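You will see two complexes here that share chain A, one where it goes with chain B and one where it goes with chain C.
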Partner chain A sequence: MNSNLARLAALVIAVVALATLPFWAHDPYQVHLATLIGSYWVLVAGLNLVVGYTGLLSIGHVGLLAIGSYAFAILAGQHGVNPYLAMLAAGAIGGICGFVLGLPSLRLPGFYFAMATMAFSMIVSEFLLAQDTLTGGGAGTSVPAFTPPFATPNGLFWLVMLIAAIVTWLTWNVARLMWGRAAIALRDSDVAAASVGVPVFSIKLIVYTFSGITAGVAGSLFGSLQSYVTPETFNFELGLFFFICIVIGGRGAIVGPLLGTVVLTALPEVVAPLAKLGQFFYGALLLLVVLLVPEGIGNLFAILREKIRPRRLEKHVVDPDLARLTSAIRSTPVS
Partner chain B sequence: MNSNRNYRALRTTGGPSQTVPSASARPSSQAAVVRRGELIAKGVTRRFGSVVAVDSVSLTVKAGEIHGLIGPNGSGKTTFLNLLTGYYRVDEGQILVDAEDLTAAPVQRRPHFGIARTFQKPRLLGTLSVLDNAMLGGWEHAQSGFLETALALPRALREDREQRELATELLHGVGLGNILQRQANLLDHAEQRFLEIARGLAVRPSFILLDEPAGGLTEHEIEQLARIVITLRDCGIGVLIVEHHTDFVFRICNRVTTLNLGKMIKHGTPEEVRNDPEVIRVYLGA
Partner chain C sequence: MLTAIITGLAMGAIYAAAALAYNVMYSTSKVLSITTGHIFMISGVVGAFLIGGLKLPIVVSLLGSAAAGILFGLITEIVAIRRVLSRSDEHLWLLSTLALATIFQQAVGLWWGTEPKPFPRLIPQQFTSGIWDQKFWLPIGTVAVSVICLELFYRRTLFGKIFVAVSEDAFAARARGLATDRVRAISYGIAGLLGGVAGFAAGQLTYAYFALGLSLTLNGFIALAVGGLGSNLGAVVGGVVLGLLTSIATYYFGGAYQQTIAVGLLLVFLLVKPEGLFGDKRTRHV
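Now for the complex of A and B:
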């Protein structure tokens, strides 16, 4: 109970600290950075269900992010659609694209699926370049701001935080209930998953579609924050970046990938005085994490605790309670 | 968003000890489970290239009965079990549950027909707790779709609570009640085997197929396994055991089938099978 209380307290403190960030931040750039992390997280949270839970190697979500950004820019900017409606539409378009991409490619095993998602992000990039009447081609297109009350940079920050909180809550529910167990079963043993009736393909497709929706919404927020996007904004490195955030953070958890997103986004900025070494630190961090804590930085504390004070697993003799077994089996209503 | 989990009303045939919900059963809103009477294989054949792994085997697992499947290595026992559970496609013959033909049903549809199984090499989710592993078995009975779950609507939460209760009871029942929160990859071999049985029971099956459940267990653990299997039988579940421990099989089974080179060579009571000259010649030894 105590640890639950501590967790709740930590959550409340984090929420209050984040909500008041614009008031205590030193300069607007920090708010910008926090907004960027938040909009990345909207995508990564959804992708986390795909990569961290279901165990699919999707490295092409940047394509879905681009689709979200451009859908938002075209709808809200060129056609004057209400930006909030445009954001929902971008989410829907992202979901449809995720579904259409997943339908053929989710049947592919591991690395082939990864290659299909990579190919998808390249196709999106080429498509954006080619359709220059719609997207502005290589010159890019401007992305409008949201309307009040979220029109200012601080307003956008709060909007992003609100949506990030909602998406986190949704994925947390999925992860802790039956669907989370089924997803992890697909990751760790699809044979066992099928043996208890988990419909392998439909779970993958539904989870992937959901991640497309969050990527579409994230694209609107990200685009609006950048205020101008070109196909080059959505390069393949960004797609790999999202995937790495999850792997660095640790699979099968939500806090880990969140930490991963924060650290990997903020790191190049924190070491800004050594700007030339930014990439070096990024690479060094990756190497350190992969070598020292392959379980992910989200599990750092658990691993340290285990190192310092290892739990002893006392051997116990399996002793069935047959009366309880009988009543458990018979408790099921039979038609 | 929901996969096909409609429970069609099915004709139920009465097994010898048809399970009736006891008066003490906790009031529950769980979806009712259809009790089936017989899992039938009719002339089932499976070839791998030119090798006939299973050659026209017929066998019936009845509710409330323990059926042993024995034979030398490579006689097709596990292949046959994989045919019953849909991991392999049947080349010839039929697999039925009562009057329903499930020959063409994919693996993931078999639990719908009341079939659960365990694996020769336990397949657990190593990073999850014992309790979560057992709860996974309840998937077939969870009706909540993705959106319902994501929004934590009341039905999703209620189903989760019910699954947790049932899994907890089953785990206490098989003797793992004191390690509900232990991570599954920290379990020893016997604990893994018993957890697989608990997960299979969370499917609320009419039939459970155990693939070498006694493999790697100590004498004492085999004894506990025997008591569990007998309890399942008494609860009206049909049990099919693929096993090399022949004393274990002859002691607890009601009927035994012997395979050799994919063919059925003897079928009958443990007494009849044990004394059959052909079985002694190819498998038991003099």
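Now for the complex of A and C:
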């Protein structure tokens, strides 16, 4: 009860601190950074269900992000659709693309699936370059801002935080209840999960489609924040970054990947030398985590606690009734 | 058109070499390493640096490139494979090889620059020789020779038979007293040698470019999936098919949808014939 109360208090404090961030931030850039983290998190939260819970190694989610961004830019910018409707449409388009991508590729085993998603992100950037009448080709296209009340940078920040909170709540519900349990069972052993009646393929497909929807929404928020996108914005390294956020944060949790996203986005901004190293630093971090703490940094404390003070294992002494056993064996007819 | 076919054959030879490197590593470790394409990238960059930067003779540079490839293969095995395989059977090797590939790609990008740089000429020749240009024939010839050498090594030497034994059944090989760990490490070295030599020979076609690795990893994998995992003949056929298809498609439709066509080929094969042209149907372990 007490820890629940403490957790609730921490949540309230975090929400209040985040909601008032534009008032106590030192400069607008910090708000920009927080908005960026928020829009990344909208995608990573959805991807977390795919990578962290279902165990599908999707390294090419940046393709779906690009689709969301461009759908939003084309609908809201070129056709004058209401930005909020355009955002929903971008989510829907992202979901459809995730569904269509998942339909063949989710049947493939691990490495094949990873390669298929990576190829998908490359195909998307090829299309963005080739369809230059629609997307502006290599020069890119400008992305409109949202209409009031979320037109200012601070407004966009609140909008992103609102959507991030909704998505987090959705994924928390999914992860905690039946779907999440099924996904975890499937991640740990798909054969065992199928044998107890988990519909393996449809769970994978639903989770992947959901992550496509969040990626589409995240794409429209991200594009609106950047205000100008080119195919070069959505390079493969960005997709790898999302993936690394989750793996470093820890699989099968929500707080870990959230911390991973925040730290990995903010760290290169705070520590200048890291920005120059960029992907090199992410790669090194991923290697360290995979080799030393494959459960993720989010679970580091639990592991350390286990190492320092192991849980006491309960002993069950097996004490068979030998006399009864022998008589049972004796009485069995030898066939 | 003839140029398109020759280009396709030469690119196909590189894809085939990447698929072969996949095979060599997969046979002993059952791991498909993402670092496969990066062997070629590193050997190309090292070769261009040794010839163009340090002005070393070509033979020495070739040895240097091959050494870099072998070294990279061994590093992959020691850092990314050994610990992970000894710990669990999860797909953690995918993450560790991905991390290692990213590290090396970005390190090369930081050191060498992110622009593709031309690879020096290896044999004095005019640039007007068209389809007889060395940039096409060097990779084709090199890969052909390495395929033959690899097959001879596997089939005719005792040492090669050890590799076949480990790839057939690692437990049985271990029970007969073979050091399977060492065999695995050496197979990564062999893949490094193969990639190092092929990457050096193909340097003039691919350029010394830091992002080459990832695209070769993908295309080599497509060649492998088309030809069939575990089959060296399949790797060569798959590579040549993929190279010819993309270059002829580029000739007719322009280069905008190159990757899409390659991946389309992959998807068709995975849907119609998942085990590939020459692969064996493996039963799934429960």
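Keep in mind that, in the parts below, the second predicted complex is superposed on the first by the 291 of 335 C-alpha atoms of A that agree within 3 Å, B and C clash if a C-alpha of one lies under 4 Å from a C-alpha of the other, contacts with A are read in each partner's own complex, and residues count from 1 in each chain.
Note that in this section a contact is a pair of C-beta atoms (placed from the backbone, for glycine too) under 8 Å apart; a residue touches a chain by one contact, two chains touch by 3 or more.
Source: prediction; values computed, not measured.
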Just checking: does A:L221 make contact with chain B only, chain C only, both, or neither of them? Give me first, second, both or neither. neither
Examine A:D319 and indicate which partner it touches, taking first as chain B and second as chain C; both and neither are also allowed. first
In the superposed arrangement, does A:V191 touch chain B (first), chain C (second), both or neither? both
On the A-aligned overlay, A:V143 touches which partner chain: chain B = first, chain C = second, or both, or neither? neither
Does chain B (first) or chain C (second) touch A:V247, or do both, or does neither? second
Counting residues of chain A in contact, which comes out ahead: chain B or chain C? B
Quick one: is A:L108 in contact with chain B, with chain C, with both, or with neither? Answer first, second, both or neither. second
Jot down the residues of chain A that show up as touching in both complexes, chain B in one and chain C in the other. 191
Footprint of chain A on chain B - complex, ascending: 1, 3, 7, 9, 12, 19-22, 24-26, 28, 30-35, 85, 87, 106-112, 116-117, 119, 123-128, 132, 135-140, 142, 144, 146, 149-152, 156-157, 159-160, 163, 166, 169-170, 172-179, 182, 186, 188, 190-191, 194, 199-204, 220-221, 224, 227-228, 231-232, 234-235, 237
Under the touch definition given earlier, write down the residues of chain C that touch chain A in their complex. 32, 79-80, 83-84, 87-88, 90-92, 94-96, 98-103, 105-107, 110, 214-215, 218, 221, 225, 256-260, 262-263, 266-267, 270-271, 286
Spell out the residues on chain A that touch chain C in their complex, using ranges where they run on. 55, 57, 59, 104, 108, 110-112, 114-116, 118-120, 122-123, 126-127, 129-130, 191, 236, 240, 247, 276-280, 282-284, 286-287, 290-291, 294
Tell me, which parts of chain A touch chain B in their complex? 170-171, 173-174, 177-179, 181-182, 184-185, 188-189, 191-200, 202, 206-207, 210, 252, 313, 315-322, 324-335
